[in-house]
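Below are structures written as structure tokens.
One chain, chain A, appears in both complexes that follow, with chain B as partner in the first and chain C in the second.
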Partner chain A sequence: MGYTLNFNLIWRHFDKLWGGLLLSLELAVISIAIGIVIGLVLAVWYVSAGRVVRGIIASYVEFIRNVPLILLVYLVFYGLPTVIDLAYSAQTSFVATLAVYSGAYLVEVFRSGLEAVPRGQIDAGKAIGLTPWQRLVHVRLPTMMRITLPALSNTFISLFKDTSVASVISVPELTYGAQWINFNTFRIVEVYLVVTAMYLVTGYALLFALRLVERWYRTAR
Partner chain B sequence: MATTSDNSPALLDIAEVSKSFGSVEVLRSVSLKVAKGEVVAIIGPSGSGKTTLLRCVNFLESYDSGSIRIDGKEVGFRDGGARQRRSERDLAAMRAETGMVFQGFNLFPHLTAAGNIMLGLTKVRGKSSGEARSIADHWLGRVGLAHKADSLPAELSGGQQQRVGIARAVAMEPKILLLDEITSALDPELVGEVLAVVKSLAEDGMTMVMVTHEMAFARDASSRIVFMADGGVSAVGPPKEVLAAETTNERLRTFLARFRASQF
Partner chain C sequence: MLGQIAYALPFLAEGFALTLWVSLLVVVLSLIAGVVFGVGLVYGPAPLRWAVRIFSDTVRGIPILVLIFFVYYGMPAVGVHLQSFWAAVLALTLFKTAQVVEYLRGAVASIPKGQSEAAMAIGLTFRQRLTYVIFPQAFRRFLPPWINGVTDAVKGSALVSLLGITDLMQAINQVIGRTYEAMPLYILGALLYFGVNYALSLASRRLEQRFAFIRE
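After this line comes the complex of A and B, so read on.
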């Protein structure tokens, strides 16, 4: 006895998936924007700090990298409000979690980027009389960006996929939309086929767009 | 050993500078005075401390004892007895008074040729970007690259990059220009165009200290040659004297002999 594919029910509820996809993108964009700020500040701090600060930043990175994202999401959404008196929506909670999560990965990306800036360029910046801050802003960061942009793109793509974890706290993003349709129509194969295709196509489109940005940045003048 | 050729006050005064990397003594009580308008070439075998000495002059490297003064002002340490390192802000201001051209060009890859020159002019000299651009254009013209003003370093040949490097340094109107083996990374056919620029700067009266392996150029373009060996100044004098084949300085004779042998 065969299973007959029937996509009609999926198309009827497609607005759930489309809206979910847009929300997934929104979550990823806001999270990485905050994550970039966290990552940049901590990476710059790290490379110029003493042992204690380095230790603290390294602990944060190690902690985040060794704890599953889904656990962090539970901790922040269910755990934190019971300890501190703070009310926030599931969506806010998830964005905060994903920002802190991506921040930890980006600290590493930016730190290795900063350390990869050739010594000679820093010397050249010193030689024309730039102060340390000017060297950071006008020499080290621009060069670091060229080095780290591909890694930054990859981080963004995987962050976009990570937004699916938000479904566990009922944030109505793409995976949550898929679950909703599954529960209400029982077309499990069809809905996950469609959603897989949506993640895939969006991921590729993002990658393509980001590669264009990288190329533009390399040749911008 | 007498190091100045005349009585004019030294623009650059290096006095008994010593420096060690761990247990290796790279500079041993080096003294050298350079007068305004002089072109001094530093030659010597690799590992003799030439580049380190040059990098001490604009404090890219610190040194352990002695003093380096430009126009009477100590470069890396505060004036007065205590050896206290200058603040980063002071160091930056001091470094702006010396220009440096590097063996590896070290252009900023994200900036155009003009942008490389303009950065110091706008951020350090406080010029408007319009002013900075016209200064950049002037110097790019001087080094024969007016048509490359808007090219990125990656789009330039080594010789062209190095000429931008020179323009970037001299556009800041430094009191003294430091050249660190600026042709060593170039293909032989590109060396000439870079040396021609240096020569024209010398004719303008730019004070220069250059570490070089180009003996013929050192002979033709410099007013004095310093021969360094084992971290110390081993010989110093007019090119004709230092490069004379019949020198009694054993180390210098060995160095020159090896050099002549490699050239023919």
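After this line comes the complex of A and C, so read on.
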């Protein structure tokens, strides 16, 4: 043992961690936003679609959920440009990957929410003469949101943590910043203690904010 | 192209075997540790409960990748030297243990208190209450989330490639480094991971059905 903690070098390079955290959040927010669109569209499509479409959407979901994220990140960044004529930055590549990845998880969350909307509500919507689109926007989606919010919050937090995988293609997010300080200053224990605290504080702050949204959503109407 | 990949197949198979070995170790070790600490969290004295709670909330709150680096680079810094393989297994096991602790806590909490009280009333000891009353009922609640977590262990094991351990992920990257056939190899790798995990989730559904006969 006999290891003396010395945080001075960490504070000197703290901009790497702070900038990293902001980038982690940015990656998470953009990817999740795209993922929500993918998830909503496919989930709504899935519950009303025929067998073939269901099969295709289910294959997408099952495939993504059963493959490690790191492999998908490599595949999109190193693999894809060898077969299609496209050039993109590591950051764009990661956002695209995490969006497709989160989409697969969110389809599942939204689908189970949509299927849990009570039949009677939809029938009541029909009874008062709402069109299918109005039933979706005013009845099914709001009810689904309320049902899925807790599961949704957990998925968001988990996706925020997944942004750490961006470090493997040198996107300078928080984990990358930690590694940089690790290799350049060798204040190893210190840097990972600080980064652990940063992930924890951010993660629990996000969770707290999402719980507030849940509560607001439960009582607002 | 196919010839080169065929040539690399034994090497990939070794990596694949290592991925399975790491996953198996992590799943088994975390099950043991998780049940022990989980019982500690539910029934232990206050200091033990707090310790397990802090451990679990911390480990589950950070990315696995950070935990892997922390263990792998941090341990030698404080004078603990482990082979990279075991450092990786330790980090993944810590992460999985925290999850198992939560599954166990949730499963035990779902058993009505009356069950425990009835067992006490007929004079069962603590151990008897656990083995004959609580665990048999909690098991069915524990099984589904735990089995889902097994595929997470296989997926998480791909991160050990970053420590220079030649698992399937690393083997694929090395073969790509030699052959420059990135896309076919990544797809092959994705199919292998998918195959294992999909087989696991199919098997788990059957296992759950097998235990579904126990009534609420």
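Brief remarks on what is shown
One rule holds for everything that comes next: the second predicted complex is superposed on the first by the 219 of 221 C-alpha atoms of A that agree within 3 Å, B and C clash if a C-alpha of one lies under 4 Å from a C-alpha of the other, contacts with A are read in each partner's own complex, and residues count from 1 in each chain.
The criterion applied here is as follows: a contact is a pair of C-beta atoms (placed from the backbone, for glycine too) under 8 Å apart; a residue touches a chain by one contact, two chains touch by 3 or more.
All figures in this text were calculated on a predicted structure; none of them were measured in a lab.
In the superposed pair of complexes, A:Pro142 makes contact with chain B only, with no contact to chain C.
By the document's definition of touching, of the two partners only chain B reaches A:Leu130; chain C does not.
Of the two partner chains placed by the overlay, only chain C lies in contact with A:Tyr204; chain B stays clear of it. With both structures placed on the common chain, the touch criterion links A:Gly120 to chain B but leaves chain C unconnected.
Of the two partners chain B and chain C, more residues of chain A are touched by C. Interface of chain B with chain A (complex): residues 58, 60, 88-89, 91-100, 102, 104-112, 115, 119-120, 123-124, 150, 152, 168-169, 172. Against chain C, in their complex, chain A makes its touches with residues 1-3, 62-63, 65-72, 74-75, 78-80, 82-83, 161-165, 167-168, 175, 178-179, 182, 186, 188-189, 192, 195-196, 199-200, 203-204.
On the chain A side of its complex with chain B, the touching residues are 118, 120-121, 123-132, 134, 138-139, 142-143, 146, 219-221.
Across the complex, chain A is touched by residues 58, 61-66, 69-70, 73-74, 77-79, 151, 154-159, 161-162, 169, 172-173, 176, 180, 182-183, 186-187, 189-190, 193-194, 197-198, 201 of chain C.
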